[in-house]
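First comes the structure, then the notes that go with it.
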Amino acid sequence: MDTKIVKKQQPKYINPYFGGILLGLLLLAAFFIAGRGLSASGAVKLLVVTVVDKVAPAHAEGNAYYSKFIPADGSSPLYNWLIFGAIGTFFGGMLSGAIFGRLKKLRVEHSPKISARTRLIAAGAGGILFGIGSQFGRGCSSGAALSGTASLSFGGLIVMALMFGIGYVFAWFFRKLWI
Amino acid sequence: MNKNYLFLAILMILLAAGLLLVPERQNYQQIKPEKLMWDITQTSRFVTVDQVAQMIIEGDPTLELIDIRPAKDFEAFSLTNAINIPLDSLMKPDYQDYFGIEDMNVVFYGNSDIKADQAWVISKRMGYNSIYVMQGGLNCWIRKIIQPVEPEESASQEEFDLYQFRKGACAFFTGTKVEAPDAGKTGIKVVKRKKGTAVAGGC
Amino acid sequence: MGPLIPQEIITGQWDFVIALLIGGAFGFILEASGFSSSRNIAGVFYGYNFVVLRVFFTAMIVAMVGLLYFSYFGWIDLDLVFVLPTYLNSMLFGGFLMGLGFVIGGFCPGTSYTAVAIGKIDGIVFATGFLIGVFLFAEGFPFYEDFYTANDLGNITIGEMFGISNEWIAFLFVVVAIVAFYVTWLIEKRVRKNMTEYKFE
Amino acid sequence: MHVHELNPKKTVITMVIFVVVIIAGLLTLTNPRLKYALTPEQTVLLTVSDDGGITPEKLELMLTGSTEKVEIIDIRNHYEFARGHIPGARNISAVELLEKDNIEWLKDLQEKGFTVVIYGKNQMQANGPWMVFRQIGFSNVHVLLGGYQYYLAYKNHETQNYSPCKADFNYAEVAKVSVTSGEDNNQPAKKTTIVRRKKKGGAVAGGC
């Protein structure tokens, strides 16, 4: 991976096709090594399961969804491939941010037409919708749409098509948030 | 537009088109002829009728008996819980689902063991493991399990034990009372064969 | 040969180290491509920045074509590769919600992690919202358990669904992707002309 | 600045590396030494057709007649071979059958129109090797029905027609004969209830 700091006059981002090919090769490597693609939402799911299991074990046992992910041998659901992957994602992002000079103090990025508060409310609402949707969709944009479609899963294709399609359908209503 | 993008696009399309053009290869799952021949020379693929009988009596859940005779014969007589897959329909997709099930031991049988062995060779080629052939087939089954021959006086204790087991097994499969073993033999003459003619499957 | 872990060629604790490395590379690529910025991502819906589409489709076609080649070479056993099972109703609904969440929130989970990593508060809020969303889903699970598993098509591939070979599917994807790259390039050029205030964050 | 004005040098390099890997994969793709000439389906047809078996009578005819070119392969081990074999047979034990020299020799024979007959101590022993030969394209290979045992019996005129695959008994009758005593505790065999699992699913489930 090229970690050379790019020159000032060039944009700070790598060429999107370069990123795409690298991501594709990484995905291929993940399939080759682990037999599964990349994933992001699974870690949060396991985190939720763990917290609920710690706080209210009886409740977690009674719920068919939580109990599905609690290991039978009593080990922690956190000791899982998905969690390590998510930790890696976080630090990988941090490394890239540090190299390209984007790792700065806490800030909110928003369109000049809206306030930071509006942006945060939208982010939270979007996050909740995405959270619910990812569980129905058996994975988020990386797990279902990208890895799923790349492994030629029909479900992955559906999730991808709908995710972008609905995004375009509703884009007009939320244009103030972005442009 | 940068020419490099055109180059990239063409490269990617060629790569994808290559997938369509490459000559079809033999299914990756089939084992190589060399490996197949090696497996054939091993005799570990055989199970005896006694072993099969014992597994049936014990109700071994991993046993999957496959009867390769035509459906008509299967309906007339079959071993307990056997599945009928006539040899000519072995490769039908419906029947393929019976193979490769985890923890299941597939045992082929036919009248003798030749056809069962052929079914075994084909299944082995398809890459299935845990498959076996019942030695001697049903002919042997009848001779040994249904009509066990009492060993001679001079025979070893083991042979007598085996005989006892077979009598018991016979009772299990035919409903004979163990106390009256002779009843099972009425009307059937023990086939004595000349030396040197013990050919039929080496039962 | 592959996949290595399901065939137990790599075992023990190594798979977590590998998970960490693969995850790390994933995060790096996402961030370096500009996915830590929600405005970059949302640009795909308004035509001013198609970086999401470019990265996403390029990655998909490269991985798809590579996977089929690897399978052809016998390097990877496709039967052992996890094919996401298809639950039609649930996935349609999930895709709908995610599309909505995408255009409102401007992130998806993976990209929000990288946004958190470089100190974006909106990323933190999105990730927290995501966590709450998963929690809400799990709490309400008994109410829609049947819906969740309805219309189960199993581990069906796109090729099986449409009755053509997966190689053709991959080829079509490549062609569609490249056409999309060209069209979005034209659109982007046009939109950017009328948009002066936007700059890369 | 427009993204597309960037020079995609690194992109091209990565892409070329990817293509090189795939071309390397194509080039190193070793063609297997032996290939199946029959599909599994064709092999099934072969086994059903009773084609490819040769009776000792026919073998005798072929050996005495001068028109047919015949080679005989004895696949038993050397010790067994030394104790007696069909006149003119060549001893290649089963494990050596697919060795390079032997395949060459067989190919040569096939081109010259020879009929090859293989036999073991019984038909079972030669059955598998015969099927492998047929599957890799040696359609001139035949198996001696009954094997050496039966051949000897035939030579000594001690045998009747060989029909190994026929039922020696009426199974249904024989197996039920004892039930005539009255008690009918011979329940009809339960039909199996095998859980039909698909083979897929080797991969870890769970997903994103």
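For reference, chains read A, B, C and D in written order, and residue numbers begin at 1 within each chain.
By our rule, a contact is a pair of C-beta atoms (placed from the backbone, for glycine too) under 8 Å apart; a residue touches a chain by one contact, two chains touch by 3 or more.
Not measured: the values here are computed from a predicted model.
The interface holding more C-beta pairs in contact, when C-D is weighed against A-D, is A-D.
Averaging Cα coordinates per chain places subunit C and subunit D 47 Å apart. In terms of their C-alpha centroids, the spacing between subunit A and subunit B amounts to 50 Å.
Here the CA centre of subunit B is 15 Å from the CA centre of subunit D. Among all residues of subunit A, those that touch two or more other chains are 11, 13-14, 16-17, 21-22, 25, 35-36, 40-41, 81-82, 134, 138-140, 142-144, 147-148.
Residues of subunit D found to touch two or more other chains are 3-4, 8, 11, 15, 18, 22, 26, 198-199, 202-204, 206-207.
Residues of subunit C found to touch two or more other chains are 3, 6, 51, 61-62, 66, 69-70, 75, 77, 79-85, 155, 170, 185.
Chain contacts in this assembly follow no simple pattern; the graph is neither a line, a ring, a star nor complete. Of all residues in subunit B, those touching subunit C in their complex are 1, 5, 9, 12-13, 15-20, 22, 25, 28-29. Considering their complex, residues 1, 11-14, 16-17, 19-38, 40-41, 44-45, 47-49, 52, 63-66, 81-82, 84-97, 99-100, 102-112, 116, 119-120, 122-171, 174-175, 177-179 of subunit A touch subunit C. Touching subunit C in their complex are the following residues of subunit D: 2-4, 18, 22, 25-26, 29, 198-207. Chain contact summary for the complex, subunit C toward subunit B: residues 61-62, 65, 68-69, 71-72, 74, 77, 79, 167-168, 170-171, 173-175, 178, 181, 185. Those residues of subunit D that touch subunit A in the shared complex are 1, 3, 6, 8, 10-11, 14-15, 18, 202-204, 206-208.
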